[in-house]
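As structure tokens, here come the structures.
Okay, so chain A shows up in both of these, paired with chain B first and chain C after.
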Partner chain A sequence: MSESTNNTASTGEVRALGDLTGKARMLMLAKAGAGFALLALVSMFFPGETHDKMRVLGLGYLTGFVFVLSISLGALFFVIIHHLTRAGWSVVVRRLAENMAGCLKYILIMGLPIILLTAVGVLYGHWMQPTGEHAELVELKSGWLNFPFFSLRMLVYFLVWIGIAHWYRTKSIEQDTSGDVQLTKDMQAYSGLALVLFSLSINFGSMDLIMSLSPTWYSTIFGVYYFGGSMIAFFAVMILLLKRLQSCGVLTRSVNVEHFHDLGKFMFGFTIFWAYIAYSQYMLQWYGAIPEEVSWFATRGAETSADSTAGDGWHWAALLLLVCHFLIPFPGLLSRWAKRWTGVLMFWACWMLFWHLFDMAWVVMPEYGAVGSGGAFFLVVAAIGGCLGLGGLWGLGLIKLCNEASLVPEQDPRLGESLAFENF
Partner chain B sequence: MATLPSDIAARPVIDNTVEDVVERPPAVLGGFGFADVTERISRVNENRPPIIWWFLLAFSATWMAILGGLIGYLFLTGVGVWGNNIPAAWGFPIVNFVFWIGIGHAGTLISAILCLFRQKWRTSINRFAEAMTIFAVICALVWPGIHIGRPWLPFWMAPYPNQMGMWPQFRSPLLWDVFAVSTYFTVSLLFWYMGMLPDLASLRDRARLRGACIASVAYGVLSLGWTGANRHWHRYERAYLILAALATPLVLSVHSVVSFDFATSQLPGWHTTIFPPYFVAGAVFGGFAMVMLLAIPAREIFGLKEVITVRHMENMAKITLATGSIVGLAYSTEAFIAWYSHNPYEGFTFMNRAFGPYAWSYWLMFSCNVFIPQTLWVKKWRCNMKWLFVVSAVVTVGMWFERFVIIITSLTRDFVPSSWGMYVPTWVDICMLMGSFGLFFTLFLLFLRFLPMVNMAEVKTCMPQAHAHHNASHGAGHGFVDQHEGEQDEEAQA
Partner chain C sequence: MTTATETQPVESAAVASDEAVDIHAPQFHGLLAEYAEVDDLMAAARKIRDAGFTRWECFTPCPIHGLDKAMGVQHTKLPFVSLAGGITGCALGLLLVFWTNAISPETLPIIGDTPYAVRGYDFFISGKPFFSLPANIPPIFELTILFSAFGAFFGMIAMNMLPRFHNPVFNSRRFAKASDDRFFIAVEAEDPVFDREKTAALLSETGAASVEELED
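On to the complex of A and B.
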């Protein structure tokens, strides 16, 4: 890559993947292959009829889908908020975020099997073919929860997300060569509008994608819950990606411990934010104890009534989520040194990313039904397979986007500020 | 207090609201040096106050006295003097409580959260926003104190070992409120007072120089022997950062707990999971509106336009717009879920709010909080102080009515039509609400007169002179005002 040669000559660091591309592609392919193989194996050997096996496959795939979507949406929010607040420190890491958000167009393609699985009744069966005691209530919602409208809404959400991501990434890359400060002004000027569109779409999008799996349940905070997890996932992936790139000799000078420190602070902050939102959602419904609300938590093993059997097999998962998604990382990430010692920070990034994955699995997989502890464990394994598989494909997309331009916004007017940035 | 000669300080800057992506705009205008900042801010405390201050104080103090009188009347007569009834057992007192607690959110958000986000512009406005927080919480605390029915027993709210073996109900969010609000008040007060120490010492030294005995003793006692030594500054910075980190979760927790008062119930319109973050966003929204409402006349009357610049106001307007839009999103999400859930009671509650007997208050709330603040998207309007003042007043009204809508519409029409009722406030309710504004403004006017209304020490760290050393050693090639070196150069301005 001629650009990377230029970069190296003028800045003393490599700002492109270059020769790493081939190896990274193989790794991502292997990850995707292993993930999908795992998902297929668990589904195949899961006890039950073919339809049940297909449901495991579908729910595992959906978990992977909402997992990779959360990373890209977190990245999109980061890009928008960077421009909205006229941030300086984050310029050097912004291109990677733009690339991660750019993957939304690949995620749209990854969503096609979900539409297909919905059409054949594997996913969202509760409102596609309402049966049982709540059928009448679910029928009432058919004006919103029906296949054509659902697909249309999905398309609209993705068009909004892809549109914003594409516009910001194009403008930013254009600035690499032109150096035009007007581009920065434009990106700042439209960031408010972009944020409004983003907030509306992630709010209703997550309700459609995840909340509607159990159509009788509702929670007004659900969009915020998904958003909180998305931000953790994004910062974790950003930290891991930067660390990996640096270990391969890329971005070794422009990104330093100061940037890691700030990324770590945000990951820590959103870990608390997620806990705050999760607590608000759980505590209020638990305290209110209205049957149609608490049933969602009961299905996920998060209820305090000893005689309930709805969440059999998921009690351990609910407890693990509380302990590992918040109680352990909170003191772990609290100290300054934990965020500045990048090896330790990398550990916590891996940790948070895994528990975010687990959170997504805990939200999606229990829709399968009560399965006992062993069954629940294998459902989580299926979800891990789904996340690995789609994560691998997402990684392939990211590599492609990373090769299209420098990994640093070369002529951003605030690049100097970002390079010289120091925490005090 | 020497003014460092600097070409940056001498550069004429007229409009700092112009978007310049290359260089960060200056936080202080007018080519001010350190001494000018001290002079400009201290003179508010040292000179005779303008006649309008006396007028406003007399007016506010009258209403404060009315509040005091009415509290006496209430204690002597009983809560029957209010419009509270069954089913609307929570009337104006709780509406006012939630409103004032909400107002008290902007101060700590500005001093703690914006501090963690390295928003240096906050230094011009944090002091009086924090003062406002303290006074708003005092106003809020009046209401549960007089609403308990037996006003001679407020100490029963505190859990203390007693011979009756009686404890408060720990499972009640109302008790959590007692803890949340008192913690918030304590930390905010500490934060405010500690941040004021260097400025109090400046006032002390100036009072001594001009031979003002009482002022010199009073400021001397309050400034706790501050000398501006390196060691003092070091501890000050540490303590400030720790208090900022402690105060940040408190900003979120207080109004979350207040929202639990409603959301833990099963009442339609109250029981919804979005309440905690939505209440916090609403509180910040209302709080910023109040800061602007106070700052716009204050900067005019006391000649502080170079320190509290149009850019500061514009930034606050942007935060108001953002939080107002979050509130709008929460209203919409609530309405959507009421429809989506097909829960007949939820659905009815929202129809009742929009078209029932209190529909006027619902649409007033929606217009004030969602529609009118949208005008702040336009830069020309949000930089227009007159319009910003109008919007701030409108938002303050809107946020009061938000609490009115939530409390009154849900209580007056719940599940069983036979238990429905109406709520009408009495003259005592209305006069006590006015009186709480009297209390708030009296305290605020006294603060403006006797304490430094702008954080002089911190404002100086944002001025180009604080970075003279940095610019000299690295040259002007960076093209941005470095933010981090201000902390190291504090001795220079002390």
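On to the complex of A and C.
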């Protein structure tokens, strides 16, 4: 503690939330309240039986869940890759990433309603109670897609994620006071293993959470698609968080335009990565035009040769995603100046975060079924409610973690390099 | 050993210039100032920038942060060349896939007399339309990347006026240390602000370890 106080004194910089905590908590609570209220209202007034309303609620909640999960997993990957590459520039923003990844333990608690909704048959009904024309196909997969095994897998994924996040965050905070370089060496030594565990778990995790909503569909690239979106979401949240903190007088010196520039480069790069993966997934299945493959895209309004009534109401959605998630931000973020002018960068971070949210809604919500354009619109509103609500709770967790240690790894051996970092 | 290798090129250069004295008399090229420390170089670069010089260059053994700013170097225009290359590649890619896959006398009567081999093939693949963007994105994408890389690569070569095999600074013996532990500023005589005595005095004032005249 005395170390960080000294450092604060010598740099003249605030590296803690301090008095901001109360105000930030209220903001997050308001966000959570408004989000859940929105989700509840849309579900309540959605036409249909009670079961249908419950499905809107469940899918909206699931969208919010995969949305906050994507931010934390992006942060976890950032921490791992930082140590794996022995990066220098990113030391000043690493503690925030560690805190975001630390929120995974709160996300585990947020996941309990999903297990509950699955148990009562609201979510994942396709394999919980297989009926209809594909029932036979789905029952063949019951060895993997059954409730006890599903719950167990969720637990395992989260244990892996929470374990890695907790280990890295604890070591890093320990270094704040001890200044032991061996801690950095340990963190680097295990980063390869952590990356392998991370890659496997995010792949299978996204498969279980999102792909199993439509159990007859398969795509070997879906985990990478979710990962690409996760990274965009993480960098967007990081940029917004840093701008917000700086406007409140926190981290005003250690984080400068050079770090924003690099975060912007990453966000831009992953925007292209996402588009590349999304296109690869779509093009192969569109070309093959095998019914069980293209039906997933048909349901989501993408152009396919399949019967397009499945995507009733969603015809605008796939094209909108292509335009707003890639075609507009690509030239927008292309220039060096767009990334160095932090006001502009902040705009694009907001933009990308929203369209990542929409991406998650596009992946999850059409599972409700054909609803017409108005219905689809309200399903997206329900998803926004879910994301706001869980995002608020996630933010509360983040505030708690941010108050546990300095916002900068005070004794990291590469801190000086990061503070002096410059782009050419 | 070191002395021998250092002196030899100078001698041979002197001999060469003696022989060619009638046609290629050594001409005054500019001034070369040597600095021992980075800070001296940076301070000197700022002074020369502020004095309004445009035709001058710094030589350092390693990259130095902030030297661009100290020299007042304008930001590179290379990205625009690369962008133009990318747009060209994208347009060419579109034209290529359109011409080879989707052109037929029915859709475009004007090409009716064009030899079959030149006008494309009307391939009917997998029940997709002849001109079908999802299938055509890979070649368009690749051509975009290829041409923007061409733009960046050849644009860089052209803007740096490369290849260039000789620079008068190589005539200085001291300059060999530019790849070791010394920092140099060379000011060309062709600079409109250049004045042989005044510029030499200015360079000496900046704390140069030595100032010498360059001949070419």
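The criterion applied here is as follows: the second predicted complex is superposed on the first by the 413 of 424 C-alpha atoms of A that agree within 3 Å, B and C clash if a C-alpha of one lies under 4 Å from a C-alpha of the other, contacts with A are read in each partner's own complex, and residues count from 1 in each chain.
Please note the rule applied: contacts are C-beta pairs under 8 Å (C-beta built on N, C-alpha and C of every residue); 3 or more make two chains touch, one makes a residue touch a chain.
Since the model is a prediction, treat every value here as computed from it, not as a measurement.
Trainee: Taking chain A as the common reference, can chain B and chain C both be placed on it without clashing, or not? Answer clash or fit.
Mentor: clash
Trainee: Determine, for the superposed model, which of the two partners chain B and chain C contacts more residues of chain A.
Mentor: B
Trainee: Check the residue A:T177 against both partner chains and state whether it touches chain B (first), chain C (second), both, or neither.
Mentor: Neither partner.
Trainee: Touch check for A:S373: first (chain B), second (chain C), both, or neither?
Mentor: Touch partners of A:S373: none, neither chain B nor chain C.
Trainee: Quick one: classify A:R336 as touching chain B (first), chain C (second), both or neither.
Mentor: It touches chain C, and chain B stays clear.
Trainee: A:Q129 contacts which: chain B (first), chain C (second), both, neither?
Mentor: Neither chain B nor chain C is touched by A:Q129.
Trainee: Scan A:Y287 for contacts with chain B and chain C and give back first, second, both or neither.
Mentor: both
Trainee: Scan A:E422 for contacts with chain B and chain C and give back first, second, both or neither.
Mentor: Both partners.
Trainee: With the two structures fitted on A, what stretch of chain B runs into chain C, 24-32, 78-86, 114-122 or 222-230?
Mentor: 222-230
Trainee: Which parts of chain A are touched by chain B and by chain C alike?
Mentor: Residues 283, 287, 422, 424 of chain A touch both chain B and chain C.
Trainee: Touching residues of chain A toward chain B in the complex: what are they?
Mentor: 86, 88, 137, 140-141, 144, 181, 184-185, 188, 192, 196, 199-200, 203-204, 218-224, 272, 276-277, 280-281, 283-285, 287-288, 290, 292, 413-414, 416-417, 420-424
Trainee: Which stretch or stretches of chain A touch chain C in the complex?
Mentor: 279, 282-283, 286-287, 289, 303, 305, 334-336, 422, 424
Trainee: Any idea which chain C residues touch chain A in the complex?
Mentor: 63, 65-66, 79, 83, 126-128, 134-135, 137-138
Trainee: Going by the contact rule at the top, pick out the chain B residues touching chain A in the complex.
Mentor: These residues of chain B touch chain A: 19, 21-22, 24, 249, 252, 256, 260, 263-266, 271-277, 325-326, 329-330, 333-334, 336-337, 340-343, 377, 478-480, 482, 484, 487-488.
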